[in-house]
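To start, the structure itself, in structure tokens.
In this document, chain identifiers A, B and C correspond to the written order of the chains, with residue numbering beginning at 1 in each.
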Amino acid sequence: MFRNNYDNDAVTFSPQGRIFQVEYAQEAVKQGSVVVGLVNKTHAVLVGLKRNAEELSSYQKKIIEVDSHMGIAIAGLASDARVLSNFMKQQSLSSRMTYGRPLPVDRIVSQIGDRAQTNTQHYGKRPYGVGLLVAGVDEAGPHLFEFQPSGMTHEMLACAIGARSQMARTYLERNLDKLQDTTRDELITHGLQALKETLSQDKELTVDNTSVGVVGLAAEGAKGRIESFKLYEGQLLVPLLEALERSEEGETKEESMEVDS
Amino acid sequence: MNHFPEAWGRPRDDIYGPYNPSYLQTTGPKTHTQSPAVTGTSVVAVKFNGGVAIAADNLASYGSLARFTDVKRLRKFGESAVIGFSGDVSDMQHIDRLLESIDIRENYSTHGNTMNAKNLHTYLSKVLYKRRSEFNPLWNHILVAGFDENKKPFLSSADLLGTTFSAPHLATGFGAHLAVPILRRLFPDEESIETASKEQAVAALRECLKVLWYRDARSLDKYSIAVISEAGIEIEEDQQIEAQSWAFAEAIKGYGAQVN
Amino acid sequence: MTILTGQPPSEAIGYSFAKATSAPVREHSFYPYTDNGGSTLGISGSDFAILAGDTRSVAGYNINSRYVPKVFKIGGDDETGEGAHILLSVVGFAADGQALKERLDAVVKMYKYQHGKSMSVRACAQRLSTILYQKRFFPYYVHAILAGLDEDGKGALYTYDPVGSYEREQCRAAGSAASLMMPFLDNQVNFKNQYIPGSGEGHALEPKKAEPLPRKTVEQLVRDAFTSAVERHIEVGDGLQMMVVTKSGIEEVYYGLKQD
């Protein structure tokens, strides 16, 4: 019987040039519930679908504020995400302490990338079983980064990871051109719409299972240069979900009008 | 008031009694604490409408010996910050190496060096404070000039104890006694700073350096001056104090051999 | 020296260099503290707390700057201070004050990150005490005052000595002019030495009971305390920074003081 001899640790290549443990870790990401991230010229938005392990349990946290200019969305092992999140929090506090400035987003992302990579090159270590979307603002504007257990990081315009995330990616790819010129609220609605695409037939977005995080450049005349990271959960979501509903109605109307003409 | 760097960071005589210099002995086991050796005197700086001007002479003294006469005590950092150092020159060179490595690190990031003068000042004050807390101070008093994150002119100071403060005009060492009153008279309030032109600021600094050259025995008539504005940094390192007039010296009585 | 070593007094001529070699080796040539002067003052009311401080920073007889705040928001956004609900004032050695403020700020932010809720003033007060006490043998040379609203929405004021001893009080002045302001506050806030007229004969006069004062009265008391301190203390002046915590947030006011 066939047995894979190359997946006992995360540091051994298979003859085909693969590291199975890393690929298994990426499977863990695919099993996590979906999170979507997207940016326009002024804002970065994270949207996540929360799961509860059972009827009686609370919902798993999907979006974490790291600092006032940065937050992460997680898919995969939440406990591994906490380790990364704590590290990022420490680093951003230390940047503010030492230099008096918010930590540049690309820098912290490459730092966690490096940490993940060392896990794939030291015997006895295990890759992180979590993928992250990092949304933040720095000197150069809003950013979205994707992080994978392999240590791979990419700057993205829009991205989705986790279970059934392909549906969300398809939506984002189709609407990519529109995203750049959206307003803050429109961007959130697009994020929610992308998230909705991933749902199975019998499910819908509710105030209990949805989570939204927004960070961006401050509007003209506002106090400070950035709009601090804001997490929308529970009742705070109501207006956002209503906006989603309205935009869907608008679309169906447009479509029906086209049919008429 | 003793303004010499040797006196910095020491208990004040008027509060703690005369200082016992025997603790500064050079024999015996090496103590952790140091004292400055080759030193630079005052740095002076003033804000103006749209930027900051900063100046320091080119002298490094070894006690009362004018040891090096072409030492540049103003250092550029990135495209919009200048640091002026007074105090120990070897410690200045140590800080210079720290800044060099930060500059290199910053330039590797995607968006280039985004550290502004304010970030730099925060960092340097932390370095100085950390070293004083280890009882191994960097014997410097520095001024940082440039812009903050809102592109507003920025000028701030940090000393060997890690004490920081910011003001429209600042000077270290003897300059705190001689230059600051001149600058405060020329630019008394916020408004006069906001309307001051670059030329006025530069002229004021040149005047301050001249007075310091007249009265600070550890100063030099060759100096550097830097102007940081939106256009970038203009730095001139071989300036000479012009139009000197020592006529006032005739009127000074009561020093040296001449008594009346 | 001879007394310390137990040797009989020597008849030899005391050369200064000879004396230096026999001096005991002690690490005292660097003194890691300075006094940056100034004063702070806190008063709590029934639904608010006020913390105030002058904005002058001094070194000996020099004025470093006319605007160096001593009162800080804790746990708020770094740029705007928004979201903060606790105030801290520090007076004494400014570099230690700055370091202490930043440590407490980081602690409050980590608390919020880890527990998902804001730190109570009581918890923050206790934590500040341990931070100070941890440096018992190399203290933060500051007098700190912490202000906020307690669990019942009442004004809370906690005062500290440099090594972490603390208590909750109605009112406290700290810093160089504390001895000038505190007796005034004892009389005006806690009604010390005030009696109800006609309530008895001689020593049987009934003392006037202290009760929380309205905000307007307290603000005026703070301004009076500082304008008076400015007159009599050279290290106090330039500006008065006043912060008020209420249930709707933190308000900041600034008044000019005499600059002489």
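For the reader, a short list of remarks on this structure follows.
Everything that follows uses one rule, which is that contacts are C-beta pairs under 8 Å (C-beta built on N, C-alpha and C of every residue); 3 or more make two chains touch, one makes a residue touch a chain.
Computed from a predicted structure; not experimentally measured.
Taken chain by chain, the contacts link every pair, so each chain touches all the others. When C-beta pairs in contact are tallied for each pair of chains, B-C comes out on top.
Between chain B and chain C, the centres computed from C-alpha atoms are 30 Å apart. For the pair chain A and chain C, the distance between C-alpha centroids works out to 45 Å. Rounded to a whole number, the gap between the C-alpha centres of chain A and chain B is 48 angstrom.
For chain C, the set of residues that touch two or more other chains is empty. The set of chain A residues touching two or more other chains comprises 97, 100, 225.
Residues of chain B that touch chain C in their complex: 1, 9-12, 16, 20-25, 27-29, 31-35, 125, 129, 132-133, 135, 137, 157, 161-167, 170, 176-177, 180. By the touch criterion given at the top, residues 109-111, 114-116, 118-120, 122-123, 126, 149-150 of chain B touch chain A in their complex.
Across the interface of their complex, chain B is touched by residues 97-101, 104, 106-107, 138-140, 225 of chain A. On the chain A side of its complex with chain C, the touching residues are 65, 68, 89, 93, 96-97, 100, 102, 223-226, 228. Of all residues in chain C, only 77-80, 82, 102, 106, 109-110, 113 touch chain A in the complex they form.
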